[in-house]
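Two complexes come next, and they have one chain in common, subunit A, joined by subunit B in the first and subunit C in the second.
So, the complex of A and B:
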């Protein structure tokens, strides 16, 4: 460690400390290297987003081309509509519950799994390959497969439960229909998809921890749980935040799963922000309203990611 | 490295941990095996009750049906079109995204400049925009320039979507190359560009391959944007193709499984190729600020 951390120069202001101080000063050159990427992102993501902000202030409907006009008096109409829309609030609530449960459970299960894998003495590499199997699945495929597994009549889950005698053949469980089973089914699918990447990162972190620390703790008579709670877990913080940041960047992939498993139904029980946008803009062709909804969603996603990024930066500085 | 319990119980404990790990991971991988198995089973075994857990017979029927080799079944799935569009959109976007993302990642890893952190953060946050939200304005704008229902338009979007993650990965890989190497290149008279092009880029090729595979898979698996931008088989890729299965009255689960297997092929190759590199690229920043 000591060899590659240079003494901080007094040039570096406090808030940019996470920039490695040993980086090279090169004038205009780095900007030339970054600009193609930035220009392309501005063109394909930045500009469309600004355009959609404009559209969100108009009553635009796709089938009425003349409705794309901006009037100051009606600018906030779409946002007002949404704030008074019961389905919007329900989809927001569903999304928050979904994210809270999925993110926390995915993280907790991956943490447990990584600690388990770190202790395995035989067949490590084969186990890691098994672990990566869910990564081979596109999100849409994950949704498709769980829709099939949870199908009331031909689904694997009900068939299995009947085979082992837990439920009767007439008492098939309507996994994707009942409250709160629909939500739970979607969460299970989503967690299944999240586990591999999280576990791989946490496992890599665990294996890189210094063995001396644990030996010292053992000499002091620390239990397994104490070792995890007071050594492994805190030392893994940077890895945890990398894992959570990656997950938050990809969290909207859950849309694919919801869309194919329940499409927000039945009766909007599993409606989430993403599916509601599709319903408003694509199915009802109300692009103005859909864009307003999009902007609310984008703001939430960006804040969510920003939060984990900040934590990641903080965790890096501490080391 | 790995902490192990000491004392007389050690052997037995190890055995228990190993067994638990195997059971958990086999359960985790089970759904995938079920899908693959389903693709090669006769239909009667799939839709019967009580369920047949172990296949009695394997068959390629599903693929014969899919590619129109079975005269009794009308070909309903345009696999060839999906394959062509998926390959084109993913392949093109990967080449461009990896090029631009590598340049940016190198600048972030090596140089000190104004707005370093805000620029990095800005690029990463652009990735956090949900595809659904982005697809609406893209549809309106692309409609004006003729890029709706166009594979090239799709590739353009995937470039922008894939740059951030590529830049992040490459930033991590470049930082693993000792700085002294760059410095000695400068002493030998290399400029910034030739130090990058002749010394560091060749050293980061394994990382580059990892980033490329990641970008390819992200485009290959993308659903939200393509489902809005592609109107028919001229631009539809595998994910909307797979989704079309659910829009039929009775879902052909075996056909779906058969197509899934084709769709999974690039990902299987990826798992075999880049396991190790992926981890070091993602986690390097954690150890070394």
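So, the complex of A and C:
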């Protein structure tokens, strides 16, 4: 109908032109307004991304400038090399295990903490403030702190175990070396760092839930577990997916922790995609290979995030 | 008249005395050019004792009229990263850069050869072994600053106890003296641990280039070589396997710490500092730390001996260990004022500045400075102070050995050390682990264009 009302007539040609110009301007104006931001983002984000994609198809090494040279014959060499690289697959598997365990355990513990906090009637703000403390530490400091905790020689954990008589001085546990203790130590550090932000999101969600639903459930004689299982947990689904999505994107911050605590070792027992990329690209200066691996990692991350977004949308529709 | 003559003779005598004593003082160099108006930029290693040297730069500025601007003060590995990025992007706009014998091979396309800027007389005081390590394809890229190498450190109380010595004689049939070769170290380390004299028999850094270097050293001392003349990997030969098996055996039997594969230099030093280790190879640079009674239980209770010779499997090729390195100065090829940069290097590497730095505990790279610091240590309260320097001079002069001077040293190390860790931890056999490392190394070297 808008087309009809805007149709040019012989009676008012000037007004029609004005309306047409306005329509064009109205169509163009918003794009003009956002174009600086779009151009900036393209320059700052788009160009480096595309350039790194290009680099991933070359044998580029930082100290060999002539190696930044694309040839069709070896364009896929880096990707082929990685697909045949046992260390790559091992680091991918370690990363998946680390993500799965860390994300799920962080979520479960945060959910429990948020439910406990929601029931606190006095001093909740103090507890919330205390809960934020781990967020104040940079991941690199968290890594250093937990490396000291788990140090076999002078670490807090072994010294505690010796003092309570659980282990002998000669039988110190090599937390950062043994399988699976190395991976578990890193996971503990990462979970410690993740819990505050997840708990705050879930606590906010819990406090926003309608009280009437719970009152009705209580009238029907629902137990505490039943209220959590059938009311709180489903209603928190959007908050849960937001928290998990943020965490899955943010989990790469664990790189600093892994780097400081084990640096992927020993014998690649805790090697993850981030540490392997750093070794290839930064230490060995093989930027081409490192870029190819980064692109595989980014693609997997995007797929992972897309899955969470789809679940989030579903959860909102159900609600 | 006679009185005048006497005064002249006296004045001449005084002048000559002052002249002789002035000559006896260590001298600066590089102060003979007018560099007024020139700003010399320098990117150098920083932190701790390293920066004390830079305080003398004001003397250089005053004498030459140049201004020296320090554009970076970073630790060694951060400097390595900075240099790589700056060289790759053409941003190395400084005239003097920190360098190291272990890293220089990867930078050579971006450095200025220095042999034409230094006369033979100027280079003569430097250790020939270190200058060899600073020369690649006939070009001198580095002027050495100070060096480091490792002697054997041993707990003195274990070797002075007559009961322990007698028990050792009974057990092995040999006298208990500080070890000179790897087999002796193995026997003694096991004896000390098995009989409860020491918590640990030996320690070594167990990851990254530190582990690769320690393996290289043991392999080299046993007559082996990491690569042959065509850069084919040879570390998986029977000598390499014997060395790897020795390390794996030590780990399995608790001779070395259970967290060996997590240890770098500070962690290894901590074990010795705690008096928990009988024998170890350690850099001279840790001496002051170990002698600090406030920090270390081992202070005053350790001795030093020349680096070990290797396993007898190497036969006549067995030789003293000597993995060594030297901090140094270089000039980037893109330096805006290379001649002025060279003058600054001549000053910083001069006898006087090197002597002042050696007084802080660093091992010098110049013969004339060695003479002075050893003479200075003659009056030291602890005789080990002088013994240490005399031993260090022998090792730096005779045993100084860098890793292969190839740009792929760090990439090679990153391939090698995880495999050796797997061997040490018992995940794979020594032969399988080293064979896997050799196959990966060969692929990396082929990619780098080493083979036809």
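Basically, the second predicted complex is superposed on the first by the 275 of 319 C-alpha atoms of A that agree within 3 Å, B and C clash if a C-alpha of one lies under 4 Å from a C-alpha of the other, contacts with A are read in each partner's own complex, and residues count from 1 in each chain.
To be clear about the criterion, a contact is a pair of C-beta atoms (placed from the backbone, for glycine too) under 8 Å apart; a residue touches a chain by one contact, two chains touch by 3 or more.
Keep in mind that what you see is a predicted model, and the values were worked out from it rather than measured.
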item	value
Subunit B versus subunit C as contact partner of A:282, first or second or both or neither	both
Subunit B versus subunit C as contact partner of A:138, first or second or both or neither	first
Subunit A residues touched by each partner, larger count belonging to subunit B or subunit C	B
First, second, both or neither for A:76, with subunit B first and subunit C second	neither
Which of subunit B and subunit C A:154 touches, first, second, both or neither	both
Partner chain in contact with A:170 - subunit B first, subunit C second, else both or neither	second
Touched partner set for A:216, first subunit B, second subunit C, both or neither	neither
Subunit A positions touched by subunit B in one structure and by subunit C in the second	154, 169, 282
Of subunit B, residues touching subunit A in the complex	1-6, 14, 17-18, 20-22, 24-26, 28-29, 31-32, 34-35, 46-47, 49-51, 100-101, 103-104, 106-108, 110-113, 116-117, 119, 121-134, 136-138, 140-141, 156-157, 159-161, 163-165, 167, 175, 179, 182, 192-193, 220-221, 223-224, 228, 238-239, 242-243, 245-246, 251, 253, 256, 260, 263-264, 267-268, 270-271, 275, 278-280, 282-283, 285-289
In the complex, subunit A residues that touch subunit C	59, 62-63, 65, 151-154, 169-170, 172-174, 176-177, 262-263, 265-268, 271, 279, 282-286
Interface residues, subunit A side, partner subunit B - complex	4, 15-16, 18-26, 29-31, 33-34, 36-38, 40-41, 43-49, 51-52, 55, 113, 116-123, 127-141, 144-149, 154, 156, 159-160, 162-163, 169, 192, 195, 200-201, 204-205, 207-209, 211, 214, 218, 224, 227, 238-239, 241-242, 246, 248-249, 252, 255-256, 259-260, 274, 277-278, 281-282, 287, 290-291, 294-295, 297-298, 301-302, 304-306, 309, 315-317, 319
Residue ranges of subunit C in contact with subunit A within the complex	81, 84-85, 87-88, 106-107, 109-110, 199, 206-208, 254, 257-262, 267, 270-271, 274, 407, 410-411, 414, 418-419, 421-422, 425, 427, 447
